[in-house]
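First chain written, first letter: the chains are A, B, C, D and E, and each begins at residue 1.
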């Protein structure tokens, strides 16, 4: 699908069905934004003609997976980003590649799947009747990226909910799988951090004014993107921290339960062993064992055994084990 | 409730009951501060007329919860902050949104609940008889924010007290809920850090002189706010650290108690088992078991058993377990 | 107590008994340093006349406890710092407030208790016969603060000694109170870090040239104070680290001892239980139990029991438990 | 092996079989790249003549192992880097030294083993028919280093796979060697970090414009190398973090299994000990022990024992141990 | 011992036996380096005459132990550094103080023990026949410090070897002293970090161009020293990290062994206790206990006991404990 928007100074943005229909050429004062969403081979041809982008750039653009990067090809910049979204399935989230060619008066964006960030910016300019909101093609790219970066936040929030759920599991003594869940979450936090890191580097390069395609007025906004990715990384760090705490809590919870188990064992063993010993003494077959012949010997032994048991129970209660 | 304050150079600040009564217009040399605290729909209308703020900004302003942000709308800046306060209930603290429109000679602040920071600044200028303390509308906003940031400190201090209380619980062997309390505190520390982070980013942007509504002389003060939020985040980090230590101490405390439990078990079992064995030996029914027929066999066995028990007690005492 | 020192260019610093006696006025080319140590109300009056400091500043100055801060009151700067010292009692250290008013040609310092930093600087200028060492009133303040910051180091060193002592306790198996001592030390390290943090912020502001009362030549020295507080914070961090290691070592030590306890238990139980079982077998009252009637049955059983015990001892020795 | 490439402005790069054949001299406007891969002594002689590099530099160049460094010898820069690659054997990876002499119009690279980074750059210029891609000798060096730094990423990715494999082992209760594997991986992550660190320092020095051999236009690219090494170090840090989590998970897993072991022991002991005690009671030889003479005494005892066992099983089931 | 070297532009450096012999005066265009190694009182006198260094500086210079520092005395800089070296004994390393006075055309260095850094620089200039390597007195000091900083690396490497040795001990189940060794190493890593920290601060001050005695061309090199100390601190940090991992591995190893111990105990107890119980049952003295009178009762009981033991062994094997 191809979406062509033409921006003329002080006029409402116009949609065109194809490049010819937009009446735009590289020399025209108007600005063009061409969004290619899972385009047909037919539609893709415009990358070669009229734009004549470098074959290497087109190749990178069409590769399904590619690390975020920025490359200056002289008349235009070539950029790759990774947007993020919840996966429909349970394994958390997926990332979507966005490739962009930024020229002096045009922007070509390419993505295989629908991207909410692109949709949102398209909608904004469709609603802007005066055309006053348009601030140049580099700002347009910033707006798309700004949405893209914003969409990282809900993904992080969902992660936080899952961390909370794991914490609850710890207290419900649901050991089966808790540890696995914690490591899984740790891994996902790392994945997000790693998806963010090259963006931060990339926005940093733009913020350092390395590329003249992006005007100094707009560079300030890319600096904000840099800040946002930095903040996102900080949030991810704090999750990592929470997860370490969760793991420690899990270990601590298990120690606590071990203590309980051992107290039960100790109390049982410490009470039963002396009693068994006493019974063993009077099970001996000595010819001369006077107590055996006492009239109330048996009851006296019961008395002793009850006294020993009571004494030990008292001892354990004093220790706070009961 | 609406509170209108008019600042004229070198004169005492004047309160006005409504906008018309203040005699102020956008072109007047005087400066106006309009504070809207849980305003009526009637009072809110001034956002549209005469101020004509952007509908999107007004919408964000009225949304109950919103992330801190700063946006430049050309003639004015729109800002959202989050103040902090103790909750009346036990769950720690709540945050209050403050929205602000900062123009060249006016400041409009909006908040749903009373805010101590706003009250404090209102009081300051009400007491300033000469009007010398007024340093411009951007400094006015700084003063409100400065109070707001300051109010984070007592919240952190209260958190620290709770951390100390949890530490005491660890030594009082009060396991029930200790772990839960530690994780709860960890979560709260994270919440504060997350409330702070966007402020820091925001103050950073102002400090970088991104907005011309804020004069270079005042930018210095926003730099201080940046420093303060940074320091607050450091304090929060140190709490996170303390809490990790507390968790470790909890685990350590539990190991210590497990050791005690196991020592008791080991001492009991190690003494009783050999004695029981000895008793068992003389409970055997062999036809030829000479000791059984000795005159003092029974007493000799008692002697042996006492010697064994004493020897083991000595052994454990030497090991330092008794 | 009031100590007044008058610095004239190229001349030895002169002590005066009171303000009038110093012959100094705000317009004089000479520089005055007034140190108020736990002053009488009489002596305090000079803050109002002739200095006419702002009532709010005077109030902050006299408050016993106050966070470090710096405030520019136009003709003078008002600053609060916290010096550190060992406490006479055992609870580590206390901090002392130092308030200062820094004007163009005067410095007024206020503190409730004697401060070694002030004493040292007073002594230095008392000994300087040529007056060449005096480099201006802002440098004078720097010198006091420099001493103050230096005094943090011995406090940290004493903390380190205590950390070492706690480590020794861990190896001496002295569990009682070790954990408590570690948490106590952690808390003190945090306190020092927190005492340092606002100073760092404050020195940072001076180093950024925010205050014109402090000349650019002197700002360099405040930058050094910033570095020193930064380094102190790093040392404090390394202690925090050591203490975490100590806690881990404590846990590790306890695991080690638990292992020993459990080995003893396992060896005792594993040897005694089979023997007791064997004795139990021949304690059974079956009508037909052939071994009981063997001539050397009893001795054969002893042989079996000794063989079993020896075999198990060998097994445990092979495992390295003996 | 020696590979000589001559770059003339606007012409295709030419390969020459030896230095004389290239027709290049130090004063010629053309640029020369000489790559020495495990060169013969014959080939090495060109370092002395015509280049006349400093003997110390040549010595460092030929040393098999050397820390990355950069040194300015006036007319030329001397640099040492360390590339990384998977080892054919199992011990992870090895690093290869690359030495380079960067002059105004020449670049001499030396390495003992084939390097993919060098091969890739050679191939690029062999394919560039117009010669437009050549941007100067400092950029040429950048391209080699860029590839070299890129090759660190797959090594890190392989490390990550191994970390995942270790995690799986933890859950498969495969204790033998897990701990050793974790420590091994930790050590390797550290090695990578240490291989990176001097590069970062080195790229930082170039980025600070310390060396005039590298033009300001190219310095920007070295700044990117600095960023990349920084990001690599961050990834390595995140692995370190994952590994700590893995170790904690290992400890946690072992606590979990200890809990299970202890529950089994506790259940067995707590049930058998009371039963044995009961049997012991009726094994006593008291003259007067009434129950022994009851008709159904034996069966009543069995009833009591079964009741006790059932009660205890219920007790343990209620505790969730069964 | 005193070593005097005189540098004349474009000439070989000359050694002189004493100051007079060097023919140098403060006003001469030549540069002088005086190295005092454990000097006699006689030799020390030159600090006062002709150099007339400040008495306080001389005092600091002669103090055996002093924190690294830099002080500007107007015509000259006074600096103190700490070099590092392996100790001959086993306690790791010692540090050696180097004091230096840096004037416009002279450098005086003082140290109590031979320093390899000084020796290396002396040797370099002794071999430099043309005198072209001499780049000024501030660069001379840089060279000494550069060697000094480099010598920290082998000390760190030796530390790493010891960390590896401790790791091996963990797997060899050599508990005695492992914990102590880990804490010892942690402490040494901290010591190195603390020895480095003031140097970093000091080099930072020079790098900020604070001292005019050091020319801007040379400041760049001090910036490299700053980077090196930074990197050294990073390496030290990574060791700290390794040591934490080692401690965790130690704890983990001990849990693992505890698990083994407990499995042995559990298997023994769980098998022997039921058997002992069965034997106990048939040791009861009930008048009516039918099994006792069965012909093959005894053998049937043995059959039951063997079946129980086998069943339990199977149960434990299924659990993977055998």
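In the analysis below, contacts are C-beta pairs under 8 Å (C-beta built on N, C-alpha and C of every residue); 3 or more make two chains touch, one makes a residue touch a chain.
Treat the numbers as computed from the prediction; the structure is a model and nothing was measured.
Undergrad: Which is it for copies chain B and chain C: same residues on both faces, with over half shared, or different residues?
TA: Counting which numbers both chains contribute, under half are shared, so the two copies meet through different residues.
Undergrad: Quick one: how far do you have to rotate chain D to sit on chain E, C-alpha fit, nearest 5 degrees?
TA: That rotation is 70 degrees, given to the nearest 5.
Undergrad: I'd like to verify one number: the distance from the centre of chain A to the centre of chain E, where each centre is the average of its C-alpha atoms, in whole angstrom.
TA: 38
Undergrad: Distance from the CA centroid of chain C to that of chain E, rounded to the nearest Å?
TA: It comes to 23 Å between the two C-alpha centres.
Undergrad: Send over the residues of chain C in touch with two or more other chains.
TA: In chain C, 244, 248, 251, 255, 258, 262, 265, 269, 273, 276, 280, 283-285, 289 touch at least two other chains.
Undergrad: Answer with line, ring, star, complete or other to describe the graph linking chains that touch.
TA: Per interface graph, the chains form a ring.
Undergrad: What is the sequence of chains around the ring when one begins at chain B and proceeds first to chain C?
TA: B, C, E, D, A
Undergrad: Which stretch or stretches of chain D touch chain E in the complex?
TA: Within the complex, chain D contacts chain E at residues 173, 175, 179-180, 182-183, 186-187, 190, 193-194, 197-198, 201, 204-205, 208, 210, 240, 243-244, 247-248, 250-251, 254-255, 257-258, 261-262, 264-265, 268-269, 272-273, 275-276, 279-280, 282-285, 289, 291-293, 295-298, 301.
Undergrad: Name, in rising order, each residue of chain D that touches chain A in their complex.
TA: Touch list, chain D to chain A: 167, 171, 220, 223-224, 227-228, 230-231, 234-235, 238, 241-242, 244-246, 248-249, 251-253, 255-256, 258-259, 262-263, 265-266, 269-270, 273-274, 276-277, 280-281, 283-290, 319-321.
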